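Common to both upcoming complexes is subunit A, partnered first by subunit B, then by subunit C.
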Partner chain A sequence: MSAVTETEAAAFVPADARRAGRMLNAAIIILLCVWVLLPIYLVLVNALSDPQTVTGWPKHFVPTFDLGSLSFFISYAGVLKALGNSVVVAVLTMVLSLGFGAPAGYALARFDFPGKGVFRLLVLMTRAFPLPLLALPLAVMFIRTGLDDSLFGLALVHTTLALPFSVLITASLFSGIPFELEEAAWTLGCTRLQAVRKVVLPLALPGIAASGVFAFVTSWNEVFAAAVLTIRNRTLTAFLIQSLDVSPLPLKFAGAAVLVLPALIFLFAVRKYLFSLWGIANR
Partner chain B sequence: MLGKQFTLRGALSALAVTAGLSAAFGAGAARADGMLFWSTQARPVEEAQAVREQVLAGFGAPVDFQPQDNGPFFTRIQAELESGKGTIAVLGGLHADFSTLVPNMIDLDDVAGTLGDAHISQTFTGLSKLGTDHYKYIPWMQASYVMAANKKALQYLPKGADINALTYDQLIEWAKAMKDATGSPKFGLPAGPKGLLHRFFQGYAYPSFTGSVVTNFRSPEAVAMWDKLKELWAVAQPASTNYGFMQEPLLTGEVWVAWEHTSRLQDAFNKMPDDFVAFPAPAGPQGRGFMPVLTGLAVLKTAPDAAESKKLISYLMKPESQVAMLKATGFFPVTDAKLPDDMPASMRISGAAIQAQSGAKDAVASLLPQGLGELGGRFNKVYTDSFQRIVLAGQPVKDVLDDEAKVLKSIMDEAKAPCWAPDKPSEGTCPVN
Partner chain C sequence: MATISIKGVQKSYGTFTALHGIDLEIADQEFLVLLGASGCGKTTLLRIVAGLNSPSRGSVKIGGNEVTHLPPRSRGISMVFQNYAVFPHLTVFENIAFGLRMQKLEKAEVERRVRRCAGLMHIEGLLERYSGQLSGGQRQRVAVARALAMEPSVLLMDEPLSNLDALLRLEMRAELKSVLQESRTTTVYVTHDQVEAMSLADRIAVMHGGHIVQVATPIEVYRNPATRFVGGFIGSPPMNFLPAEAVEGGWQVAGKRYEGPRADGLEFGIRPEDLEPAEAGFAGEVRVIEPLGAHQLVTMNVAGQLFRAVLDSDRRVSLGETLTLAPRPDRVRWFDTASGLAVAA
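== the complex of A and B ==
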């Protein structure tokens, strides 16, 4: 099949134009890869170089493999605990936003109820208020209720940030799965819940996982609420980012590597689920 | 397909277990040990680490030192004040940080009383009462802004110029000579978003040319000053508008001569102590304007145990702690603590420049803005806006100053702030002539 189309195409398009098209294609791919990979590469090179090389000129593209800057962070009081806190909060956020978001998404996709359009919009409204504005009343309430300085409390805040997206992403996922499949399951004796669990969920799982990843990243990157709502149980971003922007260049790079690497590893581990966010089938 | 389903299910249940465990862990780990020391100072990671390991470790009881950006710093304080339940034991901040918190800070007269023989300078003790009759904070450390130069730049100094007694004219001549000789501008200012350039106008340029910061904002002397600054900018590194901390362009060699806060120079001085010199800021027609920066320690009304907080403050004011702080942060003692001989290079270099600057015969001390409270940001903006409009955009000096003077006047009226040095004390709001 493809051989036929190729010869057909060859008949109409001159070889030069095809080559140019291929080269353009390759150039765009290379450009995009450089766009994404170069900053990460530079962060890693500079994190692994000694301070003189980092501040010196000309810049080097090969690290000098000096672990001084990185080891500073390993011994920096509280980094490991903060890293642990970040992971815990991010995982909690992921679980909570899926736990609430997926059923809400299913409802949006399958049921018609009054105010559905308004609900869709209102869900997004939670992102309309900047966190620095919300942080003060939240902090007061948290201190009064005893949620202050707990990882669970922070995860709740991050969940409200991530929830709109997990609702909307899962809603579009569920509406992409034919309702007929569910109906078929009912005719074969499934209850509504069983049909969802045995037919719809397996089909939607990669996408759900992807929206979970999104929640994870949202929580991982959040600074302001984390800085105000946690004191002893800081997350890694709250712990480091404010200090990093006023730190010397070599430490900025090393700190960036410390912040980026765990998220990168996590994303790499779940990358195949992530593709389903863009509708690439993964079965 | 089946296999995948199982792995996914396995992954999800593993997540659920983690979450359950972590929720339990999160609840259990709250309220760990240590007094909370909430600070806007010593934010760079290396400094924070040094404060924890070299200064606070000697206190005896665990102290949790948390340096913060201004936003979270004040939001957290407000939240604790509103809810009436505090975890912050001691506040560390700039003089200006405390001015908004006066009614919520406890008096520290008893702590000040125990410091009798520490000899804090009179200027500083006066400031720390924040317009009341009581010590609202205890002066902690001080710093200032000085000039720094790569030794390569010294050969281009104008003939007959004394580096410790430069004038603005000589600085311009010097910067021009370096630009002509090397082909690229070698004088830099921290004019980036993270830079402290507004302090250059408030504490250095304006006092040097007009002997005032607020009152003579649009005087003929101020017009002459902006004309000089335009000349200076013409021979300055244009990348200055990106600079935050001058130690970075100084280290890369992009800039040879710079004006900067001493703590934002220390990385350069420590890494290449033999390559740099520090010296006082230049002088204008009205003298050598300079700005001392004062930090302090305070206790909020909501502090969990005020007696413990005061103990920590007393500890931090001991000569040993002050010297340890100097080594950790590059801020200098406010007391007459004896400085050791084995100081890091940055302390040696900046210390001498600060002394020469404040001890200069023509020195004009200019304090950080006072009594402006949360209007401080808008006050600073008047000066950076004037700079952007006059120097960067080339708008007519007189027009811009007239415009900005109106803004400045409205800020002063709103804050009802009296004049501070070097402006002459005012009855009521500081006037903008």
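== the complex of A and C ==
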């Protein structure tokens, strides 16, 4: 009923007012795109230019396609190891947060248990404490348990950061899959676990992948815990914050590019799944 | 092929009791329809037979085996769901084969059964499609084929036709009936649609407020409703009821005396099609006339009550006219005012 009146109302809006609305819409979209793309573009341009161009004046907006800065950065002692560490920690974080998050999300979506609402809230509350507040006690505990300066230990911390989102995203995914499908699987010979594996997981896969990427990127970008909890096994972010502060400008751009690119590529690879998570290409 | 025996099944959710001690015996190869308005507990009962819900009390036996605490997969049942529940990530072929693969049947046997059931439901041409590419009616066919492919001892159907449009429902109803008659599988079918129930059932179990109020053949349920509720629920338009007043040697109904059983208080019931124009009978002013082609539905005001009659289309009736209709004596039914139970004449 209200939809009808809305479309009727829209029909009476003057043409130029509608055009103005469209223009505003387009302006906002362009602004948001520039907001996101311009820094990335500047980073890439400067990373791909020779050092003289980067430090010189006037500024160039077309790269000179000089790989000098990048190759110097890559060959810089410790960078490749830090890059490898970052990947290991991010993958571990992804596996852990999906491994714990998806079952928790399933429980939230499918079962009514006492304290469900409180649990949902508490999951988010873990994000209410700033990491710097937790870092010191964590570091002490890690040293006591021998987890300090280990990639697994850091992945655990990153998992606590990524887990709330894994839980909530997968919960909404699972509750979007009709329970009737699972029941149908039970009547067709499945146990509860088989029904989840054969029916629910394949249907939730796009969203689970997106949630996994989110966990990966959360870990990839995390710098504080990484800097505090690792010494020899630095991740890329921790390594950069430690060494690039005192490096020349071209090298900073090269570091930023190396940091941004994997996250960008990963997100681009799963963009189809992200879209389906947002309901654009679902069903 | 199996009997179903339901004994004292009760289901409560907190303080709400959905089912009050249901007892029901379903014979081998019988087609039993659970009929009732929404919220009467019919779907809950079906789900308890399926093993999707467990009863708070009571037991369920299928083919003589106690299954009350067995999961759905161990009961030898298969089920057709209201929203079809066709797996969207599998082709039609894989949907129908799903249960067979779970049983680890040989590839050739899976292929044979899928083809046969797809043939039965006329969906041979759709086997490579996904459910997103199917219409509602086609999805329904897939759901039924998937259930039949299991060759279950009991087939359970939860309002399988309720999401189809009227014409398709009519077509699917006839098709279901012929397919199921051939397979001779014991079937429990839940619906709120009395026409569906009448046309499909060997026996109908009418449910109301968590009780089974009558279990009988369709024609028996129609002709001899066990309670006033059944008379008012089954039949379109439903049975007419008029208050009766005890008088010397019978009952006074809308100003006319009828012979009836002895009781404290009775209500008079008559089906709209069991009324004929006559010299003497119920006189009432015609309020609404609805020509329906084969016949016309006339709503009158008899003794302050709405009173419907189904009359021949050729009979001229005009609005405001006072019509006198006589009930067919053998079709008159009496109901106890207090309990609503039918009282034999």
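FYI, the second predicted complex is superposed on the first by the 237 of 283 C-alpha atoms of A that agree within 3 Å, B and C clash if a C-alpha of one lies under 4 Å from a C-alpha of the other, contacts with A are read in each partner's own complex, and residues count from 1 in each chain.
Criterion: a residue touches a chain if its C-beta (ideal position, glycine included) is under 8 Å from a C-beta of that chain, and two chains touch if they have at least 3 such contacts.
Here the structure is a predicted model, which is why all the values come from computation and not from measurement.
Participant: Given the superposition on subunit A, are subunit B and subunit C in a clash or a fit?
Facilitator: They fit: once the shared chain is superposed, the two partners occupy separate space.
Participant: Should A:91 be classified as contacting the first partner (subunit B), the second (subunit C), both, or neither?
Facilitator: The first partner, subunit B, only.
Participant: Applying the touch criterion given at the start, work out whether A:202 contacts subunit B, subunit C, both or neither, answering first, second, both or neither.
Facilitator: both
Participant: Counting only touches as set out at the top, which of subunit B and subunit C does A:26 meet: first, second, both, neither?
Facilitator: In the superposition, A:26 touches no partner, neither subunit B nor subunit C.
Participant: Using the superposition on chain A described above, determine whether A:34 touches subunit B (first), subunit C (second), both, or neither.
Facilitator: Touch partners of A:34: none, neither subunit B nor subunit C.
Participant: Identify the partner contact of A:17: answer first if only subunit B is touched, second if only subunit C is, both if each is, neither if none is.
Facilitator: neither
Participant: Which holds for A:227: it touches subunit B only (first), subunit C only (second), both, or neither?
Facilitator: first
Participant: If we overlay the two complexes on their shared chain A, which of subunit B and subunit C does A:183 touch? Say first, second, both or neither.
Facilitator: second
Participant: For A:265, select first, second, both or neither according to whether it touches subunit B, subunit C, the two together, or no partner.
Facilitator: neither
Participant: Note down the smallest distance between any C-alpha of subunit B and any C-alpha of subunit C in the overlay, whole angstrom.
Facilitator: In the combined three-chain model, subunit B comes within 5 Å of subunit C at the C-alpha level.
Participant: Overlap of the subunit B and subunit C footprints on subunit A, residue-wise?
Facilitator: 202, 283
Participant: Touching subunit B in the complex: which residues of subunit A?
Facilitator: 51-52, 55-57, 72-73, 76-77, 88, 91-92, 94-95, 132, 135-136, 139-140, 143-144, 149-152, 202, 205-206, 209, 224, 227-228, 231-233, 240, 242-249, 251, 255, 283
Participant: Which residues of subunit B touch subunit A in their complex?
Facilitator: So the residues of subunit B touching subunit A come out as 1, 4-5, 8, 11, 15-16, 18-19, 22-23, 25-27, 29-32, 34, 36, 43-46, 48-49, 52-53, 64, 66-69, 71-72, 75-76, 78-80, 82-83, 85, 87, 194, 245, 247-248, 251-254, 267, 271.
Participant: For the complex, give me every residue of subunit A touching subunit C.
Facilitator: Listed in rising order, the residues of subunit A that touch subunit C are 178, 180-181, 183-191, 194, 198-199, 202-203, 283.
Participant: Please output the residues of subunit C touching subunit A within their complex, sorted ascending.
Facilitator: Residues 50-52, 71-73, 77-79, 81-83, 85, 87-89, 98-99, 102-103, 132, 146, 150, 156 of subunit C touch subunit A in their complex.
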